[in-house]
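Both complexes shown next keep chain A, but they swap its partner, so chain B is in the first and chain C is in the second.
Take a look at the complex of A and B:
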């Protein structure tokens, strides 16, 4: 039997050193774990559709050079942090001036703060299930800690713009850690964008810790360039009566992978996870989500929609795990998929594991095409076939787009959708 | 205006229309009656361009243009409108957005400027009043959760907005109570014009109490077996289809149902 492939040794060389000692130590330790980590192959259950797109070549191992010029990111209004190639660009950032909300770069942490952070990094993720988050932990060169003190409320969304300038091959490893104190509230927007055409990888980890009563909304907009492999993970730990809402909107690429893991650890916690994925050409997008109902009386609601055109491929794997003590759990998962061409493929798999007896759990998944009768009805009113296709495709995701709570993001999403429609539905 | 010559059409290899001939001139209202399953909706759908049906022979022209070679949307832009027997529910597309897109597609085709949201809203409110639909229906998904009668009024509303040259109304009267029937009939009468042809498909006489047709045709087993003036409808009302040699069990059963419902 062939031994499972492991990571190119190029990834095992130490990355940049401009971090406090405790974080360097953590990174080194995580790096050691990578040495014999088997890479996902098609036999790896949670990577079976995606492993063939994963290209962890030597070239990918080099960190992208830092280019201090923030491009389109600057146009974003309000609070923002700009990462370029995985490094925060301080002069492009606009931080809120509030004494109960601290936003710090990893590089600016004191040793004591860094040591506390090092203790907590990776704690929101199941490392076995999110193998490649370990790569980020071993190689991040910068990152952001966002701390909300109890009752702190951020009055406007905080945009975190991750831009990669793909003038060379290589990778970026941005990292975000959010600590939302008791009854605090924040809306955090992560936008992933790129300039340049080279093949690069963006390997991200974003972690949220929600204390009792905290309320976090996370919008994640994956609009990386056409040659970008994006492998991202989001981990969420929720304490009593906290609320987490996520809106993940993604456009396809050579490889897009997002793992979202939510642990409802305190009674009465709730999460709402919305997702929209749009793929075309030969793109590939893979969403894996896990909701762990650990404590009783928690609610989860998950709604994901995939739209695949041409010969593209979208994957949704939604796991709900209701632990033995999680009585009175209420879990709803709904995944609908739209194939716009016969050459497109969508794979969906709900996975339910329920160990408590008094729970409400509903799930549904469908795969279909645009409805011919509806199309006929629309064109019989003089509406062009192109417009009819757009109306029906939008109808499929309208509800989720409408729920995105930040108008500027909604507009960006619509602009990207319109580009997709222009490319997908030609005028007859 | 509309000229149908020896039209044959089939669905899934089964011939449904077996040689239809019909001429409709501008300003005329024609009624087509006939038992269930005789091919009335098939005729309507074929005229609108539903490619689930195959036209195997025959000719259809609208003002001299070959209608059959045109796409559905082109027919609509040339002025063909079909009020569906079973209007389609489209959740996620608002009725307002749907109707505005339709009106603007037509305007665009005629080289007119598009109506903005506010202008269209004003127009849509007026027309919805005309068909007695609460403007709240504009915000709902297209036909989503509408009752049978609301769907029919929504169809008439679209006809009034689009002002077609040829309006084909497929059982727009069925499933309506007396009040709704009156509203629909008023709508159809409002559509009557010297420039417009109307083809009303019905299998009850009662709509014809409100809309007096110029011609009545009886369709049976894919053929027009009898044509006449309005008195033909009255005769059918009195005598049923039997005297024409048509099996009309379905119709009898249906009439019985409709009588008991009212």
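Take a look at the complex of A and C:
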């Protein structure tokens, strides 16, 4: 047997020393743990369907330099932070200077603040399950920390634009850490975009800590180009009566992988996870979600929809884990998939792992195609076949798109969906 | 339970006929596994050359394999060199001499299950005298089977008498490279059942290991091969509801089913091996590979299982639906109690056009047990119009048990449709209240509710089996309430 390939040492040389000492130390320590890390293979359970899409060449190991400010020009209906190639661009950012909401770059933190942060980085993630997110911890060159004091409410959504400029091969490691205090409230929009043509990797980690009663909405829009391998991890820790809402909308690429891990640690915490994935051509998208019910009386609701066209490949793996003391848990997971062409592939695995008896848990998964009879009904009323296809496909995901709470994001999603419809459904 | 007398009769006759002591020096091999052991095993069984080669090939490959660890079960490491790989059936003098020597706990269980007195002795492995002399076995089942042309014998006999059939089909569904335990089984399988139903024949009776007495001593590495030729039908029952006394801790069986055009196989299992005591000590490890190949058009295979025994169960009866319009079914009830662990489910691999499959799985966990459903539904690119429906429900009794579901669903075909549903719940207070209010005691109430929960599966079992399965659940659940 061939020995499993390990992570090339080329990836273990972080650039950018402009960080406070505690963070540099953390980075070094995390890097040491990655020496000889085996890369996922088909036999790696949580990379079973995606490992063959992962192509890390040594050319991609270097950090991308900062050049160009394309993303910074983007107008957004709210506050804005711009990352280019993993670095925050202060001059492109627009957000108010508030007493109770602190938005800071990692590089601007005092040593005391940085060492406090270093303690808490990675604490929301199950490191074993997100092996490749470890790379972010070893390589991040900058990051954003958002701290909401108790009762602080950000009045407009905060847009975080992540852009990679792929002038040449390399990687970017943007990182966000959110600490939402008691009864605070924020809507955070992450948009991932790219320019340039060379093969690059974006490796992101976003972490949320929700104190009692905090309310966080996270929208994640993945719109990177065909040259970008995107590996992202989001970790969420929820205390008593907090509420987390996530909307992930993703368009495929050579490799798209997102791990979303939520731990409900306080009684009465609640989370709602929505996801829409659209793939075409030979694209790939893989969503892995985990919801851990640690405390009793928590609710979770998860709805993911995948659409795969042409020869593309969409993967969903949802796991609900109810711990022994999490009585009266309520968990619902639903994954529906639309396979538009033979040749495309959908793999789904909705898992339940339950150790408490007084719970209500259900999951459902389906894979199917557009209903011929519905198509016929529409066509027989004079609607063109293409239009009928678009209507029915849109209907499949509209429920989720309509729930996105920021209108501007909804419009962006619709624009991308229309492009997808144009390429997928030709006029007969 | 209707044929004990025949069995007993046959048991006695067998031992008498073969003697088992003549040619070999010892009845039991020294513990350990190597190529010599396999060669000796093969020689004792008088197997043709090809069988020995097949076994050795499997063994060499097995040495390179790793024991799987992905299942949601934990058990102490097995030392494969501490197991003896051949043991001739025991002679009468070595067995317990009367029911007085048997664990009273076991006898009480028999009583609850309503097993007739004379059967209890046989099940407990007591040496029985020829008291119940009766109708010859040959007239009751061998004759009608022979008349219909059905071959029903032990696999050792089949290897000698029907080598061409065995060579063609053995390992064709579960190759020795398939997994660790299947590899081990291929190298050292002790005995098992062979069934061949010829073209167009509807097997005149339900076949059962129960009829064939050497099945009581097939040892730990059982191998079953059932071939249903074009247009034939066979129903096969494996196991029995009464707990069997068994000294082997590790069981690694392989079952292969082959269905040709328009053939139909119905395979029912009731498994109730020793699950270990209340503290989780002892108990049997049951690592079984069961798979059916629906090669022919319009063929159908249906698996029905009721699992209440074994300390650790690792078992996935599967169907490869290759033939057009072929159908696979899986109905399962798995009950775990005390410290039992079950990781069971099915695989439905749809390769042919218009193939369809149904999966109904009911898991019940009580005590400190863990019960896992693990399944795969896969549609290949050529599985036009294929269809699957899966429902797996779990019922939890007590707050220290676990119920898990790991369904894998993979689709490569646009016109295939799959639906999967799973729920987890407990016996609700309202249901219990309703029963209690009507004067039903809690234990009976739970048993009633559980029986209702499993109804969909029980109705697929042959009738006598279904009645017994119901009773079996009742006994297995004892002590889980209050």
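Worth pointing out:
The rule we apply is simple: the second predicted complex is superposed on the first by the 421 of 428 C-alpha atoms of A that agree within 3 Å, B and C clash if a C-alpha of one lies under 4 Å from a C-alpha of the other, contacts with A are read in each partner's own complex, and residues count from 1 in each chain.
Keep in mind that, in the parts below, a contact is a pair of C-beta atoms (placed from the backbone, for glycine too) under 8 Å apart; a residue touches a chain by one contact, two chains touch by 3 or more.
All values reported here derive from a predicted model rather than from experimental measurement.
Of the two partner chains placed by superposition, only chain B is touched by A:377; chain C is not. Applying the stated contact rule after C-alpha superposition, one finds that A:394 touches chain B and leaves chain C untouched.
Legend: residue contacts after superposition of the two complexes on their common chain; A:129 is shown touching neither chain B nor chain C.
When both complexes are overlaid on chain A, the residue A:355 reaches chain C alone and has no touch with chain B. The larger set of touched chain A residues comes from C, when the choice is between chain B and chain C. In the superposed model, A:39 lies in contact with neither chain B nor chain C. Residue contacts after overlaying the shared chain place A:365 against chain C, while chain B stays out of touching range. Contacts of A:385 after superposition: chain B is touched, whereas chain C is not reached. Shared-chain residue A:346: touches chain C; no touch with chain B. Within the superposed three-chain model, A:98 lies out of touch with both chain B and chain C [touch as defined at top]. Judged by the document's definition of touching, no chain A residue lies at the interface with chain B and also at the interface with chain C. Of all the residues in chain A, the ones that touch chain C in their complex are 45, 324, 327, 337, 339-369. Interface residues of chain B, counted against chain A in their complex, comprise 48-50, 52, 71-73, 75-77, 81-82, 84, 87-88, 90-93, 97-98, 101-102, 105-106, 109, 141-142, 158, 162. Per the touch definition, chain A reaches chain B in the complex via residues 371-374, 376-385, 387, 391-392, 394-396, 398-399, 428. In the complex of the two chains, the chain C residues touching chain A come out as 70, 379, 381, 394, 396-426.
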